[in-house]
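Two complexes come next, and they have one chain in common, chain A, joined by chain B in the first and chain C in the second.
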Partner chain A sequence: MTRYIIKRILILIPVLICITIILFSINKLMPGDPVKAMLPTNLKAEQYQAAYDAMYEKLGLDKSLPEQYVRWMLNMFQGDFGWSTMNNRAVADVVAEPIRNTVILNVGVIILQLLISIPIGIHCAVKRRGLFDNFWQVFSLITWSMPSFFLSMCLLYIFAINLGWLPFGGMPNASLLSGMEYVLAWLKHLILPTIVLTLISIASTIRIVRNAMIDALNQDYIRTARAKGLKEKVVVYSHAFRNALIPVSTVVVGTVFSLFAGSTITETIFAWNGIGKVLISAINARDTMLISTMNTFFSLVSVLAVLVSDIVYGLIDPRVRLS
Partner chain B sequence: MAKNDSTAKKLGNSFVGMFKRLFVPQKRSALEEEAIQTPMRTVLKNFFRSKLGVIGLVMFVGFLLFAFLGSYLYPISLTYIELTNANLASGRNYLDVPEDISAQDVKKIVSGVSFSVLLTNDGQLRIWGTEPNQKLKDVSDYVLDIPKEVQNANIVDIATGGKHVLALDDQGNLYGWGYYGHGQTTLPEDTAEDFAEEGIVAESIYAATMWSAVVGSDQNLYFWGSSQATTNFKVTRAVKGHIEKIASGDNNMAVLLDDGTITVLGDKSSEYYSNVPEELQDGSVRVVDIASTNRNVLALDDEGNIYTWGSSQDGLTTVPEFTGEVTAVEAGYKHFILLLDDGSLVTWGANELGQTDLPENMGPVTQIFSDYFQSYALGEDGTIYAWGNRGYFLGSDEFGRDMLGRLIHGGRISLTVGAIAMLISTMIALIVGLAAGYFGGWVDHLLMRLADVFSAIPFYPIAITLNYAIGNSLSESGRLYLIMVVLGVLGWMGLARLVRAQLLVEREKDFVLAAKALGIRQNKIMWRHILPNVFNLVIVNVTLGYASSLLTEAGLSFLGFGVAAPTPSWGNMLTSAQASTVIQYYWWRWFVPGLCVVLAALSANLIGDALREAMDPRENER
Partner chain C sequence: MKKLMALLLVVAMVFVFAACQPATSPVDEATESPATEPAESPADESEEPTETAESTGDKAGDKLDTLTVGTPDMNGDFIEGFGNSAYDAAIRDLLHNYTGLVVVDPAGEFVVNESAVKEYTAELDENGNKVYTWTLNEGLLWSDGSPLTAQDYVFAMLYQASPQWVEAGATSSVGYGLLGYQAYNAGETDVFAGVKLVDDYTLQFIIDAAELPYFYELSYVTVAPAPMAVYAPGATIETTEEGSKIVCDDLLAALNNVTATERFAPTVVSGPYKFVSFENQTVTLELNENFMGDYQGNKPTIQYIVQKAIPQDTNHDAVIAGDVDIVAGNIEGYKIEAAKAADTVVTHSYLRNGFGYLAMHCDWGPTADVNVRWALAYLIDRNAVIDYVLGGYGGIVQAEYGFAQWMYEEAGADLEEMLTPFNLNVDKANELLDQTEWKYEADGTTPFDASKATADGSYLRYNAEGEPLQIHHMGTEEQDVTDIIEIQYVANAPLAGIAFDVTRADFNALLDNYYYGYELGEDRYYNTFNLAVTFSAAFDPYMSSWHSSKCGTWENSCQLADEQLDEIMMQMRALDPEQTDEFVDLWLQYETRWQELMPQIPLYSNEYYDFAYYTVDGIENTTPFANWEDVICYISKSAK
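Right, the complex of A and B next:
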């Protein structure tokens, strides 16, 4: 097992290097002058030139591109992600709160997503081609075809504007509220984005669970179990579902990592101050360091998600790590 | 010859038969039913057996016709903007004059952006068109709801601004309703007090988009409304007490004085103000009638000569040639109309909304009215002719553009971008997947690691960053290609892995071994025996992937990093619709394009899903 894990990690290293090189090149392609953005505008021409040259050197822009890349990587390893010109603060400080907000939003989404989709997926597989299954098949096709911005706008139209039950978007105001009210305000702001993200994500999880269950139910050992005269419940939950858990568990691990992956569109519409929204504002403000850090962060999260689900897969299913 | 004939016939029969079998239920004996079908036919048969799949196919073909045939039949101008007509609700009844009114009853017709008001000779008002206002506190009321007291009064004069109406009754009372965000529907209090003190009564009324004006019985001009427009209006001593007629645009007004000269008030930087012909000011000719578009003036003197000046846009300053004597002049927002002594009309100016498309079979005309984009003419035989802006099927957007046209052309762009992006990603996926599966070894390893790299790249952030980083330096069509490439390059990994896996599975199957044993060449085995089995998978994934690339394009454009305005796409039509006021009041601006994205993606998904089930061998078990 250790060998398997080490092998998986070793494979990741060139992948990560490639990704960072791609991100670095995109950063270099970005329009705008990063030095200019970091200098105060009220300097005289001479002072400005001197300050410009100093900053140019300090950012290491006088070095060759490979050297700049290595410096950038080393800095990131040491926890120095650069300076955000948009907020005039270190990038690490800028993203701390949005990451927290994104995690808060996604915790609810993931819990709901798994709670809803696993039982439904199992039931669909057991009662395959029944009314229940057909309903969820069509339902998942519809939510699959639903762009999140449109779903968000429809929900806002109904619940925020016409019924007035929920806020139109934005973040709860921390300074005005206290105690229970504060929690309630958070919940109110969380409801609509949570519904949108859950509806959009359950479609694929239901299908994955359903297909895994159908595959498991088609196995010979299920026929044997039924032939033994076991109760259908035992067959489904104890024989089939346990084996269906293998692919399902990788999905679960993957979704846990999506805690950190901000959803750009939904966060933008609901003005939720998460990392997806920060990325958009960083791009609009041409804040290159913040953009590259965010992109590296997103890539790292998805690489780690793949790694962990591979390892979990190997742990659960010995056939994987032996092949 | 005979032999050839029969072959052709056989071929024809089998071709017809194929379709027959598809659509006409066939009665077969038990023996026939065991006959082997080609895989393709089985797939088609299974596909058409699925109701949802057929619904999806019909919907999708409908969308293709809507977007591509529609674009051909319904051209739009990308640069066209008409802010005056922004955010109008759907309605095609702007020109629907009530049928029970004859031209003999008409005293005056005036129009706003989407409605018209008619004043009858007995002092009654009739109104038609589409409501341009919402019921908003302190801002606007419905303009189509004529207030009770107006219905009971004997009205002698009416005027309309873009979204409000003014009416004056025989007692000198002024009524106003509709949009009043600038206070333009009621006489300001101090003016009203002055009127009461000095015993002045309103004699005639005028209105423009943002303001209203009254000429009092003292022949003085009083105006109120948006301060932006009215600060420039300085009534000079020469004007005071000599006003004969007023014609106005949004920021300027031309005043015809009782000595037959013209004075222009308002924005001094405009050609409207600075280009007034000398002879009209010094009294050498005597002007009898004037008309004004938003930026141009037309004047008629007592000898039948016409003069025009102002902005050179829309060709308004070049009068077309005509024969006959001019008896009246009229102007809409961007067009002029002349009434000649033989009852015929001459018209020129902007024609984006059909303002200058005179109705066919028009008889002699006695009187003309025009305002904004609607024009009416009273025929000698009693008919009321109407032409100009009929309205918008699906309303208008924030720049006053027709939503239907943008929806059609946006659909063409969205469907094309999605298709080409899908084509690019499928090509890459096929090349990578086939190469990895066919060559194996280090090629396989390298390509699969490449797929890993690309899968680890988070889609939206990188797509947005790339469109921002490269897109800014590109032309409009360049940006369109960039989106296709970005969508394609970031979306091939899943299919490539599937193709590779399927290739590996197929390679090990017995029929390949059999083909090898028969001595068939390696290449031929690959192309003739293995690939067809992989392609089923590709077809399904292309349809499902098409749906998702439609959605991602819409999402990117929605965020403003996809198809860039003014080129429409279903996604970017929603970009400006995120504000709560738009979601609340102008539902047609976001609901309709959003619904199009959903339905188009749904139709592709339905087709893909039905295809997948049709190709699934387990579905064919009996």
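Right, the complex of A and C next:
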């Protein structure tokens, strides 16, 4: 198992290098001059040129492309992710707070998603084609198909505008609050985006769990278990669900890694200062270093998710020969 | 199953109907009148709050010691020299910019800040330079209680004009116009000849004779103080006959430290508020008890200012519900209607001191011909633009001016008589285009017949070389203005034989093709662009910039070169500040000539609306030159 993990990690290295080269190349191919976008337009021509030259050098744009790439990679290993032209500050400083906010938002979403969707998926499979199953099938289809912006706007209109129970979005003001007030402010701001993201995410998980459970419940060993007179609860949870866990585990692992992935539309609508919102702003502003860093980060998270998923798969299912 | 589906559909419909209900019932608007002078007392507000507002006591609007302002995202740059964000600038104003030697008052005039300045003199020296000697009031304090002296003003001027400040990543034009600025700014000398520290309460700024006379000369001799003890610990100012310099072990290291720390969290300030925090797109400021007062000696009363990023599509709903106290500078018709209809909101409007326009490159392509530029001006219905973009809340200007400019207030009626009003007129456009090289059919010899032109663009104008009259327009993405330009010109331009196409791009592409189009050579493609401008208090078209000497630089973005216009501009700026009548006369000539040349087609002038929750008093003091942060001393909150 250890050899397998090491082997997989070694394979990941060239994959990541290829990804970074592609990302770097795409960013360099993007039209526009990031330095021009940074500088204010109230400078005199000669001042402008001096400021332009200073910033051009500071960003390392005077170096050749291969050198820029190598410097970027080496700097990243040392925790220096470059300079955000959009914010005129270090990328690490720009993304730290939004990543934390995205994780805070997604932790609640993931907990709710798993707590809601797994029991419902199991129950739907056990009560297949019943009222409960039909309801959740239709419900998941609607929430899955519904654009997140529409759902967000509906919830905003109901709970923020019409009822006035919840804030319109943005982030809680931590500096003037303390104790329970502080916690409540966070919760209030979290409720609507959490509901939106949870409703959208449970749809697919319910269906995956349901289908995995239906497959498991149709197996011969379940029939055998029932024939032995085991209680239905034992049959469902000890025999069927353990086997249904294999496809479900992939979803769960992927979900855990999605902690770091921002939801661009939802975060933007609710002005949640998350990484998805930052990324879309960076793209609009052609902040190449910030885009490259975030995409590299997401790529790293994705390949790690696949790796962990494979390892978990092997741990759960002894039939999978890792060698 | 069918019953279940029906039930779900009913639930979904109820959900949607509930979501689409209006938030409030329409009532009369509260306040809507332009103001240029701060009101003496908070405005009376008799409207009753809605049930929604009363039902939630923890709303921002109900916290009387805190003013919460909703804005788009901020960058978090809280000292001068970084970034273009207007929302960062609002915070910078509250932290630093009230204490300059000269400030811009709500009417847009440069006035001496009497809270900082005890007295001043302005005299010409033997070389024709103008020496401003400022004597400060005694007892001025920084927010930490330490004395604020002339040294801090001199230091602010010296470090912001220094090459080290540029090297530290900042940009600044502070010090421009003063004696020896170029040499000091370029690093040729570390002594700034135009700056002198006399004693703890006296300093001198010397305007270079080459820059005189200058109508806005007060703008050259002002700076807001910077806390030298914090920015460059251990540094001193050394003044000789040659000027002043900062004596510091490593000025660059000190300024790098400023850009890494003070820039994001200023510790010691002179403005009406102190910095508390910037976290999660929310800035919190606290009242500075040591604030010297605004230029008239007024001080704010609200204890805390919170400026936070909120969703912009619903920012008007946020103030209606009391989720924030102020959202400023709204232009969208639907937001204005909603705010006017809400009885929890006070609205205040003023016309923008600027305008949105369609800019044209005057040195290249068909738009190099003034008749083509005028023809394009006659091919757009500007009233339709205002309806489409601003929901009717705006005005039309005929040249490069703003309704709020003091010159317009003095001579606006004369100007309107002198200028040619223009709007959609296809016949006039054809008449003008017949005077250009594009007056033929496709064979390059048969005269173009306007009666054959149709909206489908199948019959176009050509020149003798058989080249069609083609205009390529670049507009920014997700802009209503770009949409209406496309709608109008795609329909109207073919009627005058013009093929007009529109490309949408981001702002960086616009920078490349508009500001730096002259660098593109054979890759140059776009002729017209849509942008907007807001004039500063100092209207100096040389600087802003239409002078032919600036062709071939991004400053003269339209690349307009006209000797007559050059001459008028130079005459305008070469007046003494007292020669206001002469300035207005020249301004009338300037506007007339500018319109004749038509480098930009003015499309609309917005009417800005500030919305304030009903517990906020004093929002009616905002003007085109003074946003809410500039009149914070006149804004208060009270329970109603």
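Following the convention adopted for this analysis, the second predicted complex is superposed on the first by the 282 of 323 C-alpha atoms of A that agree within 3 Å, B and C clash if a C-alpha of one lies under 4 Å from a C-alpha of the other, contacts with A are read in each partner's own complex, and residues count from 1 in each chain.
Note that a contact is a pair of C-beta atoms (placed from the backbone, for glycine too) under 8 Å apart; a residue touches a chain by one contact, two chains touch by 3 or more.
On a predicted model such as this, the values are computed, not experimentally measured, just so you know.
Of the two partner chains, chain B is the only one touched by A:F298; chain C is not. Once the two complexes are laid over each other on the shared chain, residue contacts for A:I269 go to chain B and to chain C alike. Once chain A of one complex is fitted onto chain A of the other, the partner contacts of A:L156 extend to both chain B and chain C. After overlaying the two complexes on the shared chain, residue contacts for A:Y221 are found with neither chain B nor chain C. Contact comparison for chain A: of chain B and chain C, C touches the greater number of residues.
Contacts of A:V138 after superposition: both chain B and chain C are touched. After overlaying the two complexes on the shared chain, residue contacts for A:Y237 are found with neither chain B nor chain C. In the superposition on chain A, A:E97 makes contact with chain C only, while chain B stays out of contact range. By the touch criterion defined above, A:V15 reaches chain B but does not reach chain C.
Shared contact residues of chain A, touching chain B in one structure and chain C in the other: 31, 138, 142, 153-154, 156-157, 160-161, 168, 268-269.
Of all the residues in chain A, the ones that touch chain C in their complex are 31-34, 36-37, 39-48, 50-51, 54-55, 58, 86-89, 97, 101, 131, 134-135, 138-139, 142, 153-158, 160-162, 164-165, 167-176, 268-271, 273, 281, 284-286. Taken in their complex, chain A has these residues touching chain B: 11, 14-16, 18-19, 22, 26, 29-31, 137-138, 141-142, 144-150, 153-154, 156-157, 160-161, 168, 261, 264-265, 268-269, 276, 279-280, 283, 291, 294-295, 298-299, 301-303, 306.
Every residue of chain B that touches chain A in the complex is listed here, in rising order: 52, 449-450, 452-453, 455-458, 460-462, 464-466, 468-470, 472-473, 547, 551, 554-555, 558-559, 561, 571, 574, 577-578, 580, 583-584, 587, 590-591, 594-595, 597-599, 601-602, 604-606, 609.
On the chain C side of its complex with chain A, the touching residues are 1, 4-5, 8, 12, 15-16, 18-21, 23, 52-53, 55-56, 59, 66, 68, 70, 73, 75-77, 82-84, 163, 166-167, 169, 171, 173, 176, 182, 185-186, 264, 276-277, 279-282, 284, 304, 306, 308-311, 313-315, 317-318, 320-323, 506-509, 511-512, 515-516, 550, 553-555.
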